[in-house]
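In what follows, chain A forms one complex with chain B and a second complex with chain C.
Moving on, here comes the complex of A and B:
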């Protein structure tokens, strides 16, 4: 059964979510600065703009997160854990690229021998309401990286903006709990075919030409290539691409101390920072921007696939959109393609 | 489920300065809670994240052997914020410990073989763990000959001096201690580790080499091992990288797709050869 939510019912619907759970949704902080934020009032929510500047990963792996608090008790310490999530959470308006990115973060934080308790609790507590991308941007290439503007995978509920209303799809057990919601009505055939039309149009619009197929193997042969000299040349190491990347997950751990206690926190970190890998002795295994840029690209397209079988890029285009020097990761990927490499060997290379 | 970021409370039982330059201090830690002590199992070559609340965490190789029950030993080089704080900490104070982390030395692979241990400087800590483990009566017959070459810049910089004396007396271990520069009281060998290895020329037959030391020592020792016909698969070393989480999440310690904290820190030379030269 296909459901819909009339836009006039959106605010009461949001209020009902706020009453039941902690609601996270896109909020316009300033012009062009759209982020996911915990919502106090329904009119804060902005579902009309394109994708958020900061990715939805923030709800699961916050930019700064307290790991525990400690207090001095004589010669010892009383440690208070902060890993519990007290209230259920709903995140609304997440784009398919960000949802796909969360599935990649799952591999890191939940996988192999150790489970990250903070991330796991955030994940378990959250119902994910995905939002179809009716109007992909020119920087979007999710269709090249195994996703798409209408990819439902990972969403519990999926919204498609029809103008006057949202078409609502309930996709998982968590999603089905909304079946009896008073705000959802049955959608008519006209609305369903309108949603189809929007989907087809959006699919045509996204870029499918970025050659990520086989990139892992190609990069295997390029670790010591002069390719990296050219790739890094432009980069000023500002790190914005890594902070705004929905799949980048590196963090730093540090203590914030007061006289009688304090907390251990972790903060987003970036492989493009020189301090990131610098050892106490002063030795740095990645001494220049060349090695650091290589690390960023190789991690996404070679190391991550080796460990988890998938590339760590979802084609959201944020790193292209917000780069101050117009570095375009699509071009870097393009350069690795066989055709390009041949051109380079022929000496007819073009600058990015 | 256990939160892997929560430190286990430990108490500093004993602290002692190892070297004349006072840069290396050994802390002996014991568990504050009985159940933590019971649950803790490790193998030589593994490491822990030691922390002082308010200062932070630092990764340190375990210097004690699993055969020395009840306490853990770490020898700490005074270098950064946390290690400096660990140098100033008093006996009886609490420190946090997360671990054991990493893979450790491949004890099972060494079974029935000769073991050649080559150490330089303060990297000798986890090698001490390995040697003490195999010298324990329960484990001594697990491996055949144990040969140890251990070098320091000066006699005063040698670690575990009392223990070295004990080992020298034993017949079931061949120990060669060398220094770059001797002093008037030094009766032992003078010479760089790679040269001492060449001179000693241990047979590579049925032998595994474990080598830990400063990069410059490793660089010059590898060719000597090659000359002695050690195959890449039988040369083990332990790597150090800047680390934070120690459990393969925070990113920074990777060399290619390998994470030194979780996949290492112990690798053989054949494995290292396959990785990008990013270390």
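Moving on, here comes the complex of A and C:
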């Protein structure tokens, strides 16, 4: 059965979610700047703008996450755990690229050898409401990286914006708990076919030409390639691409101590920062931007596939859109293809 | 015309081996933008372009190429950064060759994007218009209405101290006397100013794009990266974010050319230049000094005179 949510019912629906759980959804912080935030009031939610700057990963692996707190209580020290997630959580308005990215984070944080309890608790507590991407941008290439603007996988519920209403699909057990929701009505055949039409149009729009197939093998041969001497040149070494990447997941653990207590926090880290690989002795095995740029590309397209069998890029295009100097990862991928490499060896100045 | 001259000069410099590489602007994948390019082969100078989307301050790359002889395409602000850096002894004499372009003021791509509905797929310039095209629209916008704030107030569009100018010097009249953001900021009460600053810096994700895009931020160890002493925590917190933004701005006093690269680099669109430009304004009023105009005068905070004003000491 196909359901729908009329847009006039959206606010009460959101309120019902807020009453039941911690709701996370896109919020506009400034004109055109969106992030996922915990929602206090339904009118904060913005489902009509383009994708968020910061990806949905921060709902599961926050930029700064307290691991525990401690304080002096007399002669004793008291440690407070922050592992538990006390309330159910719902995340609404997540695009398929970000949902696919969460499945990649699952590989890391919920792996065979190790389970990260903070991440696991966040994941288990959360119902994921995916939002179809009706208007992919020219920088989107999710269809090249194994995803797509209407990929349902990973969503518990899936919304498709039809203009006046959302078509609602219940996809998992968690999703089915919404079956009896008063806000959802039965969708008619016209609405269902409209959704299909929007889907077909969106599918046609996304770029399927970025050659990620076989990239792991190509990069195997390129670790010491002169390719890297040029490819990094325009990168200024900021952290935009890694922090805004929905799959980048590196973190750095710090103790923040005050006189009477403190906390252990883990913060996102970025391989493009010189501090990332700086050793205590002062030695830095990745001394320049060349090695750091190589790390970024190799991790996504070689090491990650070696460990988990999939590339760590979902084609959301954020790193392209927000890079201050237009480093274009699509071009970096293109240039790893043999034909392009020959050109590069011929002396062409390469610079994605 | 300017573009042709840039290419000719670049070709000459590379052919005569006067420089190892040219840093300039090239076309790339996104509309309304250009990208920094690095040309070593005289046969490739045709990749160099010039238009109103050459927004980056390329002098930030000079730290990366400190062991090379570099030819660099500079606007007025970029040239001023280089002069300021030279005063800080960042370059050897004759290490740089400045190809100066009298600047037409750069187009604020974000404002253009916000002015149209739908994604812009192509953009071009025609006279005083910017033509933007999308899937189902084609619009002409008045270029003048979409210029960066930092460019609107610029009075040094013609590069000073360039080795060559590839265009005629332009009239140095600002479009507006005061930076629009400063004008707004100054109208506010102290409490409102703090609120505004708080709101802007609250979006910060500590990606340090503003720092990396700035040619003047080249400290061996930035204060935010220092762990001993630890000036700020690595976690996102309002007070640490605010501290970073205040110190970053203050460290630019008398060193900032007002290019606006910091603000353009910010993925969260945090307003930054109202702070640095206000400091520039103060330095001009208090010390009659502007960054990077001559190659001899040190910035006021790098030196002292016995006649320095001291009424602020109470």
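FYI, the second predicted complex is superposed on the first by the 339 of 352 C-alpha atoms of A that agree within 3 Å, B and C clash if a C-alpha of one lies under 4 Å from a C-alpha of the other, contacts with A are read in each partner's own complex, and residues count from 1 in each chain.
Basically, contacts are C-beta pairs under 8 Å (C-beta built on N, C-alpha and C of every residue); 3 or more make two chains touch, one makes a residue touch a chain.
Computed from a predicted structure; not experimentally measured.
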Room on chain A for both chain B and chain C (clash or fit): fit
Partner chain in contact with A:117 - chain B first, chain C second, else both or neither: first
Contacts of A:252 with chain B and chain C, given as first, second, both or neither: both
Cα-centre angle that chain B and chain C span when viewed from chain A, reported as a multiple of 10 degrees: 90
Partner chain in contact with A:109 - chain B first, chain C second, else both or neither: first
Which superposed partner A:33 touches (first chain B, second chain C, both, neither): second
Which of chain B and chain C A:70 touches, first, second, both or neither: first
Chain B versus chain C as contact partner of A:183, first or second or both or neither: neither
Touched partner set for A:233, first chain B, second chain C, both or neither: second
Which of chain B and chain C A:281 touches, first, second, both or neither: first
Distance of closest approach, chain C and chain B, by C-alpha atoms in Å: 7
Footprint overlap on chain A, comparing chain B with chain C: 252, 254
Residue numbers on chain B that touch chain A, as the complex places them: 1, 3-7, 9, 32, 51, 53-57, 79-80, 83, 92-94, 96, 215, 240-242, 244-245, 247-257, 262, 276-279
Chain A-touching residues of chain C, taken from the complex the two chains share: 26, 28-30, 33-41, 44, 47, 56, 60-61, 64, 110, 113-114, 119, 121, 202-203, 205-209, 211-213, 225, 233-237, 261, 264-265, 267-269
Of all residues in chain A, those that touch chain B in their complex: 67-68, 70, 72, 75-77, 79, 81, 83, 108-109, 112-118, 120, 223-224, 249-255, 257, 262, 264, 266, 269, 271, 276-281, 283, 285-286, 291, 295, 298-299, 302-304, 306-307
Touch list for chain A against partner chain C, complex: 29-33, 53-54, 63-64, 135, 137-139, 230, 233-234, 236-240, 243-244, 252, 254, 256, 265, 267, 270, 273, 275, 289, 320-322, 324-326, 328, 330-331, 347-349, 351
